[in-house]
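Shared between the two complexes below is subunit A, which has subunit B as its partner in the first and subunit C in the second.
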Partner chain A sequence: MIDLSELQRDALVEIFNIGVGQAASSLSQIVGEPIMLSVPLLELLPGGHQAEAIGTIVRSQRVCAVSQDFSGDMDARAFLFFPEGKTREIVRRMVGESVSAAELSEMEQEALSEIGNIILNACFSSLSDLLHTRFSSSLPAYHLGMVGEVLPTRKDAEEELLLLLHIDFSLPSNEIHGYLVFLLTVPSFNALLGQIDSFLASAHGN
Partner chain B sequence: MNATPIKSILVVDDSRVARMLIRNFILNLHPHWIITEAASGKEAVECVSRETPNYVTMDYNMPDMNGSDAAQQILQHAPKTVIALFTANVQAHTREQAEKLGIGFVAKPVTEASIKQALDFFASRS
Partner chain C sequence: MATDSTSIPLEDRFRLSMAAANKINGGVAIIDGMGAVWFWNQWLEEKSGVPCGTAIGKSLPELFPELADSRMIQAVDGALKRGMSALLSQSLHKSPLPLFERPQEKTQRLQQAIQVTPLEYRDGIRFCLVQVNDVSIAVKKEQLLREQAEALRGLAYIDSLTGIPNRRRLDEYLGDEWRRAQRSSTPLSVIMLDVDHFKQYNDTYSHAEGDFCLQRVANAIKATLRRPADLVARYGGEEFSVILPDTPANAAVALAEDIRKHIESLDIPHESSEVTTHITVSMGVSGMSAGSTLAAAELLLQADSALYQAKKGGRNRVTLYREPAAQQ
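And then the complex of A and B:
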């Protein structure tokens, strides 16, 4: 089982932290109130047990999610999860009070995809800037359903790792929490570790 | 010979990597400065109660106590210490908190440019 050293873990958390911080700033402007960010926690899980793990973290097996594929020196599928039924209020804050409930419902998918796009791209921009690597990204895809349906299933699940980044971001006016999850293949994870090691070596020597 | 006076600086960040980067960048520019590290807001407050530094770089999102609360407590004890928030939490709300406390605000990532920004702020308040 691949594991991270304390310093590798710390570097990854710090890099994602910078990305999420930038995304929160954009989101805060969109919803018109500060976004509360928790201290991030990173967990590495073997493939195959993803649905249970994510359901436990999100505290709901039914979720609303936005995913995006990133490819480059390493490939990853990134997810932003919300517990189902909690997202309407975020969209309401984005679009304002004047929009009817029917319109709001129509807009929800598009609005959440945009939020996902902002947050997931900010994380990968931070990875790209600090690790000097490039990524191209797919368009955001919106999902609603059971965690197991949202996550892709692979026959060779042992070839995959789940990088769980618990960054809990919430609006103070409502109890809305979002969570980030990155799915990587083992070779991609090794490529990421190599880049983190180079980053740490330059951090030591600057 | 280093012409600038030797200063003491407390680097507060829950990330070891961030502390390491900040320390190295500062020492590159000011090899004789005295650098102390704290991994939480609470630890920072304790450090300052033992010895007052000239400057503090302060992360915002940390366990136990956030950087703004820690800065407030430090300033009560050491009003002459110059503090700059050094954070990834770049929201307007966080900047406003820094402004209210009269402390600096520098956006992460830790780079040579952001370190210089923090040091310029310190110099302007010294």
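And then the complex of A and C:
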């Protein structure tokens, strides 16, 4: 089983924290309120039983998610998701309107898509800047449903890995815990590891 | 003469594609690797008032100085430099570009949803595609739906007999105000009110008269409240509750006394009352001082128990809840 060394893990957590830090400052600028984002924890999960594994971690089977496909030096599908009820809180805080309906309206879904877009792009920009990789990303897509529907298990699931990042969303007087998931193929993950290693080597070499 | 699409020469295909992009009912711009406009369609010309000939070769901030450092420019930068696609939603940015239905008049800016996607050109150079959709109509429709939903929601919170908030609204409001009191460390008081010998009133004067009496009592309470944040609700039957945010118990008792006097002054005849010859009310008051951690439900229970004391003590009076220990 592929795993991360402690150094590699630390490097990734740091890279993602730089990314979400940038996203937080963009979001604060948009809503005019201080917003803080941090990635305290990173887990590597084998492909295959992701729905169960993530359902247990999130403690909610129904989730709201924004996804984007990243392709280039490595290919990944990235998701930002929250337990369904929490999403309404976030959108309500960001858009500044009371969201009375049980489900997000189309406009609110789009707002959430943009929030996800900013966070996911910032993470990959940070990866691309620090690891000197090239990506391009698709437009964000909004999903609502059971974890298993949002994160479908592929037939060749053993060829896939999940990088799960916990992300803390701090809004004034509100703390919301969300998750970032990167679905990577094994070759892509190996490419990522290689890039982290050369990043670490150059960081230590200098 | 039928034209076989596969036989169209390459340069004609290019010309047709450009013509199509030009005619699309939505904004289409292509920005080159240096950030300069390379394509600017007819829709953008019409809505921005900037002709294609002027736009070509200029950067977006050169065309629209207000865009400097905006999320729009960051999105274009992210697409050109890093290959990132971006979405600008209408809810978070009302109107990113200065586009108008009639740009000469510059009255109402169009509400927009914008998508920015990188286009791989060659040798590591990227262009980017900017798509603009006018979502003004969708926004209006959604606003209308929201207003209707809110009106319906309002109805679900109103007591149909008295027109004041109902028990459901009371519970929600008490919860909201309780949380606010916790957050801002302010006092919060609750009054429970009961019409004295109301069953006898109904038996003597009919249920229709009873309903009318409750409406008058509800109006009298509402008229006595002074601040917009004070809320009176029909708790059930002939019971009413008043929520008084940012009000300590002694002020709530004074207000309750005003309500009691006001209702007595209505002078609604009640021959079968054991208190006097007109309608009177009994009230229980409970207050939560600033910084108290008393639960919201407990506050209501205390007011109810004070109401019970008021009735036991002879009715037509206001009683403040006291801790059992203090009562001894």
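Note that the second predicted complex is superposed on the first by the 185 of 206 C-alpha atoms of A that agree within 3 Å, B and C clash if a C-alpha of one lies under 4 Å from a C-alpha of the other, contacts with A are read in each partner's own complex, and residues count from 1 in each chain.
Rule of thumb we're sticking to: a residue touches a chain if its C-beta (ideal position, glycine included) is under 8 Å from a C-beta of that chain, and two chains touch if they have at least 3 such contacts.
Predicted, not measured: the structure shown is a model, and the values here were computed from it.
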Which superposed partner A:Ala24 touches (first subunit B, second subunit C, both, neither): first
Which superposed partner A:Ser125 touches (first subunit B, second subunit C, both, neither): second
First, second, both or neither for A:Glu114, with subunit B first and subunit C second: second
First, second, both or neither for A:Val39, with subunit B first and subunit C second: first
Which of subunit B and subunit C A:Leu139 touches, first, second, both or neither: second
First (subunit B), second (subunit C), both or neither touched by A:Glu14: first
Touching partner for A:Thr56 - first (subunit B), second (subunit C), both, neither: neither
Subunit B and subunit C contact sites that coincide on subunit A, given as residue numbers: 29
For the subunit B and subunit A complex, residues of the former touching the latter: 14-18, 20-21, 24-25, 28, 61-63, 87-94, 108-109, 112
Subunit A contact footprint on subunit C (complex, rising order): 71, 74, 78, 82-93, 113, 115, 117-118, 120, 124, 126, 135, 138-139, 142, 145-146, 149-150, 153, 183
Subunit B contact footprint on subunit A (complex, rising order): 6-7, 10-11, 13-14, 17-22, 24-25, 28-29, 34-35, 37-39, 126, 129-130, 200, 203-206
Complex contacts: residues of subunit A adjacent to subunit C: 26, 29-31, 68, 72, 91, 94-95, 100-101, 105-108, 110-111, 113-115, 117-118, 121, 124-125, 128, 134-140, 173
